[in-house]
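What follows is a short report on a single structure.
Chain nomenclature is as follows: A, B and C, assigned in order of appearance, with residue numbering initiated at 1 for each chain independently.
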C-alpha cells in the first residue's frame, strides 16, 4: 500500500499544474501586446478587462473542458476496446461529426446552430450505426465486431464528406469546411460554453464514477460477467457518455485530433494503468494539453492557428517520443 | 534466403517510390500539338501559328487561328467569364463553362439570355466532357487546371491560363485575350478604362506622406462554419493591393504574409491593431447592415477607434464582391480611395462610376443598369 | 456421491448457438457434489468450455436445465451468481499493465455497488489471497511481466477474492510446465479441503486423474462420468479420442500412456 501513495501524489501534482496553467492562460493574449498581459492593464484598460472576461475566459474554459472530454473519452475507448491505439475516430464519431458539419455548411445554410447541431447529431449517429452494425456481425468477439463496424461506418462517412466537399462551392463552402475540420476555438463565447455544459458535465461525472469498473470492462466478457458486471450494458453506458460528450465538444471546436489517442498513454505512464488513477490523470493532462495548444493558437501569431494542427503536431511528437523511449504504453 | 528477405521489401519500396513520381511530359508548349513537325521523319510542312501568347503560367501558347469555340473551367470560372464578356467575340464564342454552385449565372444571366444554354459542364469536368464540346480553346485559372491542360494538350486542345490576381496580371490577361480573340482594339479600350482610373488615383495620392496615410483593416466577415469569423486576406491578394493603391496602410500584413489564403484573426488582435478605419467585406448572402449593427452593438467593438469615430464600413457589393479578382476590382478600388481619403476624392460620384463601368465595359444600356443592377448594389452601409 | 443435495445438477442439457447451428452439447445429465474436484476431459471441440460457460451462467441452455444448490440458475441475480461462482478463464486478456495487486483487487467487484470503490478491507483480502498463493513478492509488478505460472496463479487469486463456493477453471494448466502444474494442482486440492467445489477442463488425462470425478466428453455427448479409476480406461479413452492408449495402474492410480 505504500507503493500507491507516490502515484496518488502525482495526481495531486497534476492538479496543481492544471491550476497553474489556467491562471497563466488568463494572462496570455494579443491585447494590449502580444503574449503576456500586464496586470496593470486589467486595472487601467477597460477594453482589456472586457476582452479577458468575454473572450479569453470562455475560450480557456472551453479548451479546458474539451481537453478533459477528449482524453477521458479516449481512455474509455482504449480500455473498452482493449486497444491502446483507439480513439473516437474508430467509431464513426469524428467522421460523422465532419459529415454533419459539411452537410449543414453546404446544404443547410451554415448557421451556427445548424452546423453544431448537425455535427453533434451525426457524431452520435455514427456510434449508433457502428453499434447496430456490430450486433449483426458474426465474427469474433464483441470488441472485434465493434471495431470492424466502426471502421466501416467511419469510411462511409468519410467518403460522404468527400463527396460533399467535391460539390461544395470552392470560394464559400470549401474553406469553411476545411477550417471547421482543422478545429478551432476562435469564436467561443460564454453562450457556447453554457450550451455544452449540460451534456459534458453529466457525462464526465458518469465516466469518472465508473472508472474502477473500467478495469473490469477491459477483461474478457466471461470474466467480467463472472464478477457480477453486465459487460454489454455497462460498456454501452460508458460509450454513450464518452461519445455524447465528444460530440458536444466536436460540434463547437471542430476536429481536434490526437488528444484522445495520446493523452491516456501519457497518463498511464505517469500514474500506472489502473483506470482509477489513469482516468483522472488523463482528464487533467488532456485539459492542460488542449489549453496550452489553444494558448499557442491564439497568441503565437497575429492570425489564428487552427487548433487541430497544433494538437496533431504536438501529439505526434509526444507519440514519437514515447515510441522511441520505450514500448508504447503496454500491450502484448 | 536471407538476402531475398531483405531484397523484396526493398524492391517494393523502390517500386512504390518510382510509381508515385508524376509522369512528366513535355507540357511546355501544348500548342505545338498543332504543329506539323514533331520530330517524325515525315516531310514537315511548317505553318507559322497565327497567334502566340505567353499566359499567366509563363507558358507560350500558339494558336493556328482565332478560336471559335471557347470553354472556361476552373474553380472560379466567373472571374474569367466576366472578363471574357467584355469582348463581344468572347461572349459569342463561349460554348461551355463549368458550373459550381450559384455563381456566374447571376450576373451573366442578366446580361445574356442565352447564358444558361451555353452547355454548362458539371462540376470539375473531365477532359472527355470538355472535348465533347469541340472547343478550340480552353481558358482556366488556378492550379487545379494544371493537369487538365496536360490532358487537353494530348487531345490537341490548347489551354491558356489567366491569373487576374493583381492589376498588372489583369492587364496582361486582358491583352492576351484581345490577342487571342483578334480584337486588340477592345483590349486597349479596357486597359485604358482601368489605367486611367488607377492613374488618377495614384497622382492624387502622390503628394501624401506615408505617415499621413490612415491605418486600414479590411476583413471578411462570414458566419458560415458555425460562427462569425473575421478573416484577413493574404498579403499578395487583390484586397491588400486595393487598400495600398487607395492610399491606406494595411495593418494585417504580418498576419497576411503567413498564408496564401484568408487568415482568421480574433478580437484581441483587432483591438491591438486598432485601425483608423475598418472595412468589412460581407458575403452577399448576409445582410451587411445587420452584420455591422451586430459589431457596433458589441461593447468591445464600441471601444475600437474606428467604431468610435464612425469609420466602420461595409465594403460595397453588387451581385459579386468588389474585393476579389473579379473585374469589378476597379470599382472597389475607387470606392475605397473615396472613403480612405474623402478630402482628396471629394468629387467621386460612385453612381456615375458604376454606370460608366457597366456601359463601357459591358455595353449595357441605362434601363438595364438602373433596373437590374443598381437596386442590388449597396454602397454606403455603415 | 454423497447423499447431500448436489452443488451443480445438469439435467438433459443441450446447447446450440442458435437455430440452424449444430448442437454443441447434447443431453448432458450430471451431478457435481459440493467440496469435490471435477475434471471435464475431452478432445478439442468437445464442448468443455461451453459446458463451463453454461455453469457460469454466461450461456443459457437451449434444452434441459441446470440447478445450482437446488435453485435454477436463472432465478438468481447476476450479483448473487458472482458471489457464488468464480471463473478462471483460459486466456485472460490483460492489455494494460495493472499491477498484480490491482488486478486481484478486481475480484472484489461482486461486493461493490456500481459506483463504489474498493475499501481497505477489500485490499486486505486481496493481499491475503496473494499471500496464500505465494505471490506477495510480485504484487506490485505489472501483471504482464509475470511468468505463465505466476500469471495463472494471479488469475486464481482474483477468482478467490470473490469468495466463491464454486470455482470454474478453463484449461488452467495447458501452458504450464511440470513445476507450475503441480503448484496449481496443490492449490486446487487445498481449496477442496476448504469445501470449495472445483470444476476444471483439461485435455490431458493424467491431469484429470487427480479429480474426484472425471467426465469424458466427445462431440458434446457424455461418454462416461465417474471416479478416475473407473472412467480412465483404455476403452473409454480410445472411444473418446479415437487413439489407442494404454492405462497402467501405479499405486492404485491410473496412468495413461500413449501408444505410437
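Brief remarks on what is shown
Just so we're on the same page, a residue touches a chain if its C-beta (ideal position, glycine included) is under 8 Å from a C-beta of that chain, and two chains touch if they have at least 3 such contacts.
This structure is a prediction, so every number in the text was calculated from the model and none was measured.
Taking the mean of all protein Cα atoms as the centre, the chain whose own Cα mean lies nearest is A. The greatest centre-to-centre gap from subunit B, using C-alpha centroids, is found for C. Between subunit A and subunit B, the centres computed from C-alpha atoms are 39 Å apart. Mean C-alpha positions place subunit B and subunit C at a centre distance of 77 Å. Here the spacing of subunit A and subunit C, counted between their Cα centres, is 42 Å. In subunit A, no residue reaches two or more other chains under the touch definition.
On the side of subunit B, the complex with subunit A involves touching residues 75-76, 100-103, 123-124, 222-229, 232, 252, 254-256, 258-259, 261-269, 271-273, 283, 299-300, 303. Contact residues on subunit C toward subunit A in their complex (touch as defined above): 53, 56-58, 78-79, 81-83, 85-87, 89, 91-99, 102, 106-107, 109-110, 112, 114-115, 117-118, 123, 140, 142, 144, 159, 162, 168.
Across the interface of their complex, subunit C is touched by residues 1, 3, 79, 82-84, 209-210, 212-213, 215-216, 218-223, 225-230, 268, 272-274, 276, 329-332 of subunit A.
The touching residues of subunit A, when paired with subunit B in their complex, are 29-34, 46-47, 50-51, 54-56, 101, 105, 110-112, 115-116, 166-173, 175-177, 179-180, 184, 186-187, 252, 298, 301-304.
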